[in-house]
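For reference, the structures are reproduced in the following blocks.
Both complexes shown next keep chain A, but they swap its partner, so chain B is in the first and chain C is in the second.
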Partner chain A sequence: MPIVKFILSRTWIWSWVAAAGAFMMVMALTQGRGASELAYAALSFGAFAAIVGLGQMLVITLGPGNVDLSIPATMTLAGTLALKTMGSDPNTAILGFTVAIGVGILAGMMNFALIYLLRLPPIIATLAASLIFQSIAIWSNRGLRIKPPEGLADFATGRTFGLPNVALVGLGLSILVWIVLERTVFGRWLLAAGQNLRAARLAGIPVEFVRATTYITVAVFASIAGFFLSSFSGGAALNMGQEYLLTSIAVVVIGGTSIAGGMSNVPGVWGASLFMFLVVSMLNSYGLGAGVRMMLTGTIIIGIVIAASTRRTRA
Partner chain B sequence: MKSLLLSAAAIAMATTAVHADTSGKRIALSNNYAGNSWRQAMLHSWEDVAETAVAAGTVAAADAFTTSENQATEQAAQIQNMILQGYDAIVVNAASPTALNGAVKEACDAGLVVVSFDGIVTEPCAWRIAVDFQEMGRLQVEYLAGRIPDGGKLLEIRGLAGVFVDDEISAGIHKGIEEFPQFEIAGAVHGDWAQDVAQKAVAGLLPSLPDVVGVVTQGGDGYGAAQAFKAAGRDTPLIVLGNRQDEMAWWSEQHADNGYETMSLSIAPGVASLSFWVAQQILDGAEVPKDLSVPFLKVTQDTLDTTLEGTPEGSVATIDYSLDDAKGVIAGAM
Partner chain C sequence: MIRLFATHRILLPVVSLAVLLAATFYMQPRAMSYFGVNLLFNLAVPIALATVAQMMIIMVNDIDLSLGAFVSLVACVTATFLHDTPVLGVAILAGLIVAYAGIGALIHRFDLPAIVVTLGMSFVWGGLAVMILPSPGGAAPTWLRSLMTVKPPLLPMAVVAAILIAGLTHLLIMRSGIGTVLRGVGGNATSVVRAGWPVLRLKAGAYGLAGFFGVLSGMALVGLTTAADANIALRYTLLSIAGVILGGGEFVGGRVSAVGAVIGALTLALAASFLSFMRLSPDWQIGAQGAILILVLTARLIFTRRDKEQS
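Entry: the complex of A and B
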C-alpha cells in the first residue's frame, strides 16, 4: 500500500486522473475510435497551455499577489513582431525566434520595472503593461495576418517520433523548469521567497533578483508560446492570446501548485493542460450547449481543486 | 423642360447645401473593440472616409475613439464624454444592444444624432444600420443545399458564447436546416471568431465526429477549421468561409489543386463608412428611417480572384461606401 499512499499524496495526480477521465468519456462515446487522434490533438494544444502555465506557475510561486496578467498581450506582441520580421521568407525562423525572445525579455523587464520602481501591485502593473503591449501589437501591424515561413509552419504542426513538435518544446521547457526548481540554488530561493518574503530577505536571499528573473521568465515563456502558436495556426492574430489568461491561471491551480505561493508542481501543469483541452472536447462531443459546458467546466475544476487540497492537508 | 431645369437647379442647390449645412459639424466614432482584423479594417475604412470628407470640407471633424476593455460601462462613459466635447453626431458600434441605452438617450436629449451599426443599440431615438445575421446563417445552408442536394451531416462553428450576433447567426442556420431537412447538425463548437480557437475546438471534436459534408461558420473561423481537418488527415468538407484574406488565399490554392469550390460571406468592415455618410445625411436634414440594413459582401468562385487581389494580405475583404451608396440604402428603406 505504500505505493498507493505515495501516489495519492502527490497533488498533481488529480489533474492527471481528471484528464484521463475526460479522455475515457470521449472514448466511451466513439467506442475507442480516434484514440490516438484525440491524444495527439490534446498534446498539441495542451502544449501551449502548458508553456504559459509553467511561466505563470513560477510567478504564482513567488507568493500572494504575484500573477502575470500580461501573458495574452505578450503572446500577441511576440507573435506579431516575429511574423512581421520574418515576412514569410524562408530560413528566417531563427531570426523570428530571437525577436520573440527579445520581446519576452523586454516585456518582462517592463512588468518588473512597474512593480519594483513604481511599487504597483503586480495585478495592476501587468494589466497596465498588457494594454501597452497590445497597443504596440495593433500599431505595428494593424491586425494583418502574415503567414509564417513554410519550414517553420511545418515544424510547428509536425511531429517527431510520433509526438507533436510543440509538445516536445513544451516538454523540454518543463524539464528545464523542474531542474531549476528542484536541483538549483535559484529554485530554492524562489520557493523560499514565496513561502515568506521577509524571512527570505533576512536570510540573505537576493529576493528582488529572484522576482525580476521570474517576471522575465514568464514573459519569455509567453513569447515562446505566442511564437509557436502563430506559426501553428497560420499567422498572428490580435486576439490570439485571449483565452490563455484564465487558462494559464487555471492550469496552475488545477495542477496542484499552491495559490498561496512557495510550492510549485510541474507535472500537474501538464496534467491540467491536457485536462483543459480534453474537458472541452468531451463536452463538445456530448453536444452540450455553451451554458451547460461552462457550468460543468467550472464545477469540475472546483472538484479537482478540492480533491487536491484535501489530500495536501492530510499528508 | 422648365420643370427639368428647375429640378436640376434644386439638385444643384441641394448638393451645395450638403456642404453648407454640415461643414461645421463634428462626428465621432465610438468603437468598443479593436482587437481583430475585421475591426482594424473597419477603423481603416472610417479613417479613409473621414480624412477625405474633412479635407473636402463636408464635415469639420470625424474622430475615431476605441475603448480599451470592450466593456459597456466604459463605452457609456466614452459617449458621455463625446456629449461634453460638443460633437454633433455619434456613430457607434456598441458593446451591448441594451447596456448603452442610457448614454445614448442622454446624447439624443442633448440634441446629438446617434447612428449605431454592426453592434446596434435598441434605444428608439438612435438610428440602426443592422445586418440581417439570421439571413447570413440561413443563406449558408441554402448554398450547401444547392451544392449537395442529397444533404448530410454538418459541423457548426459558432462565435463567442453569450453574444447577440452568435445567437442570431446560429438561429439562422437552424432555420436553414428546417428549410432543408436533408441536413443535420452533427456537432457544434465555439470558435470565438478566431482561427486558432476554432482550430483547437474542431481538433478536439473531430475524433468523435462522424463524417461531415459541410461546415457552417460565422466568419474568421473557416481557415482554422480547414487546418484541423488537414491535421487529422480527414477529407476537407465544404467549408463556408468568412471573407478573411487567409481563408480566400487557401480557397484559391485548393481550387488550383483540386477544383475546390465554396462560398464566402461576411459584412464588409466598410460599413463604418456607410454609417458615416448616413450620419452626415441626417445632420444635413435628410429624412432617414430609423432602421436601415446593409447587404452582405458575398464572394463566389467568379469573384474570388478580383476580391483576393483587392484585399491586403492578412486583412478582410471590404468595400468603401460612398455618399451615393448611403443615399441608395436610405432610399431602399423608405
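Entry: the complex of A and C
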C-alpha cells in the first residue's frame, strides 16, 4: 500500500507515534477521563518546547558543531526586559513584544559576531555569550517581580477555537519555518550549507549570510518563547529558561532532524515536544518520584536515538 | 615573540594564568601566602579533574554534556555509600566507570551523536543522584577529608594536586603509546582502524578514563565540601568544556593538552576569586567570566592568525 509506505518513510511519524503512545498510557490509568484537559495542557506546554526547538533545529541543520547553548539565557533576558518595559501597564503588549524581538536580534548578532569574527566554535561562543546575557538579566531583574499586563496574561493563558493561544503562535511559526525551508531559495541555501559548507560556498551561496540569519532567528525564537512563557506563568524568573537547553536539543533529535545537519523536520519537532510533555505527565500519573522520572526520561531519549540509528542503517 | 606563542600552544594558557594571578595578588596582597593560595585554588582541584575527564572525551572528537550530573552523582555516592559502607561504595563507583565505558562503546557501535546521548545520560545520572540523596546531606569519609585538607610542606595541597594531575595525565596522554593511539582516534579514526586497532575498545577506553577522572572529581569535591547535593556540580559541564578550550584544546582532531587543561581549569577557578576581589557586583560576576573566556580566546586567535600570515 503506497499510502502506508509513504507514511512510514516520514521520519517525523515516529515522534507522533511515541506521543500518542504516552497519551494512551495516561488514559489507560485514568480510564479515559481528562483526555481533553491533558491534550490542552500538552499543547500549551509543548508549544514553548516547539518554538525553541524550531530555532535549535535551524541551527543544527547548519551542520556538525552548530548548536545554540544560549537559548535559556536569551529566553530569560527577553522575558525579563520585556516585562520590565511593560511594567504591568495595560496596552503595552506590543511594546513588550517589540522589546523581546529586539533582545533576540541583538543576542543573535552577538552570538554570530563571536562565531564569525573570533572564529570560535559555536558551542563555546554561545556558552560565553549566555554567561553575559545571564548577567544582564540578573542585573535588570534584581528583586523585581513584575506581573505581565492583564490583557497579555489573558492572551497567553487563553484559547481561541478551543486551542491554546500559545500553541497557535507556535503553529504559525512552524508554518513559517516550513514554508521558508521547503519553498524558498533561502531554505535551499540553508540545507545546502548544512550538507556541505565548502561545496555550498563554492557554488556561490552566501553561506555567512545564511549562518548569520540562522543564529539571529534562533535567538528571536527563544525571545518569543521567553516573552510568552513569562506572560503565561505570571512573571519572569531567572531560572525560567533552564530546562529548555536540554529540551530544545532533545526535541530536534527525537523529531527526526539529522544531527549531522542538512536535513530539517518541522512536524517532528511538534511530535517530540508533545511527547516530552506527555512522558513526564505519564510518569507523574503513575506516581513515580522525581528521580525515577528523570532516569526514565533520559533512558527513553537514548532509546529513541538508538532506534532511529538502526532504522537509518537498514534503509 | 608571536612566533613563540604560535609554535608553543601551551604558552598562552600559562601566560593567561600568570597574568590573572599577578592581578589577583596586586588587588589582594594578603592572598600571596601559603594559606591564601590554598584558598584561591582549593575548589580548583575537582574542577581540574572534571576538565581532564572532559578532555578524554574531546580527545576522541566527542563532547560530554553529562559530566556535571555525573560528578554530582559521584559526590552523592561518596557522601552516602562510600561513607557508610565503603565496600559497597567502591563497587558502585567502579560500576559507574564501567557504565561510562559502556556508553562510549554504545556511541561508537551505533554511530550515535555523543551530544545527544550524553544529554540523555545527564537525566539518568541526575535522576539517580536525586534518588540517593533527595535533600542535601551525607558526610565525607574521614580519610578523604584528611586527604583533601592535608598541608604538605612548601606548596599548598591544591598546587601540589594540580601539578600531580597535570603530570600524570600528561604522561598518560602525550607520552604513552596508548595515549598516542587514543589521540589518533580523534585525529583520523579511519587510519587507526586501518592500522589494525580496535576503535570500539579504544573509544570505550577513552570514555572509561573520563569516568575514572569524573569519579575522582566527585570524591575530591566531597572531601572539600564534606557534604553532597544532587545538583552540587551541575555547572562543571560547562566549566570543564571551557577549561579544555582555554588550555589550548580543539574540538576536533584529537588536539588536546593535558597540562593546558589543568591550567585552564585553574584559570577559571581563579577568575571567580579575582572578580570578587575586584568588588565587582555579584550581578556581573557570571558575565565577567564569559568575558574572560572571550578575551583569552581572542588572544589565541591573534597568535594563530599572525603565524599563518608569516609562514
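One rule holds in what follows: the second predicted complex is superposed on the first by the 305 of 315 C-alpha atoms of A that agree within 3 Å, B and C clash if a C-alpha of one lies under 4 Å from a C-alpha of the other, contacts with A are read in each partner's own complex, and residues count from 1 in each chain.
We adopt the following convention: contacts are C-beta pairs under 8 Å (C-beta built on N, C-alpha and C of every residue); 3 or more make two chains touch, one makes a residue touch a chain.
The model shown is predicted, which means the values in this text are computed figures rather than measured ones.
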Room on chain A for both chain B and chain C (clash or fit)
clash
Have a look at where A:Leu58 lands relative to chain B and chain C in the superposition and call it first, second, both or neither.
neither
Go through the superposed model and pick first if A:Met276 touches only chain B, second if only chain C, both, or neither.
neither
Using the superposition on chain A described above, determine whether A:Ala93 touches chain B (first), chain C (second), both, or neither.
neither
Could you tell me if A:Gln134 is touching chain B, chain C, both of them or neither one (first, second, both, neither)?
both
Which partner does A:Leu114 reach: the first (chain B), the second (chain C), both, or neither?
second
Given the touch rule stated above, what does A:Ala290 touch, chain B (first), chain C (second), both, or neither?
both
Determine, under the contact definition given at the top, whether A:Thr30 touches first (chain B), second (chain C), both, or neither.
first
Residues on chain A touched by both chain B and chain C 131, 134, 138, 142, 290-291, 294
Partner chain A, residues of chain C touching it in the complex
63, 106, 110-113, 115-117, 119-131, 134, 238, 241-242, 245, 251-252, 281, 283-291, 293-294, 297-298, 301
Of chain B, residues touching chain A in the complex
34-37, 39-41, 44, 68, 158, 161-162, 187-190, 192, 194-197, 199-201, 203-209, 223-224, 227, 231-232, 244-246, 312-315
Which of the residues in chain A come into contact with chain B in the complex?
26, 29-30, 33-35, 37-38, 41-42, 44-45, 131, 134, 138, 141-147, 157, 229, 232-235, 237-240, 242-243, 277-278, 280-281, 284-285, 287, 290-291, 294
Inside the complex, what are the residues of chain A that reach chain C?
65, 67, 69, 114, 118-121, 123-124, 127-132, 134-136, 138-139, 142, 246, 249-250, 253, 259-260, 289-299, 301-302, 305-306, 309-310, 313
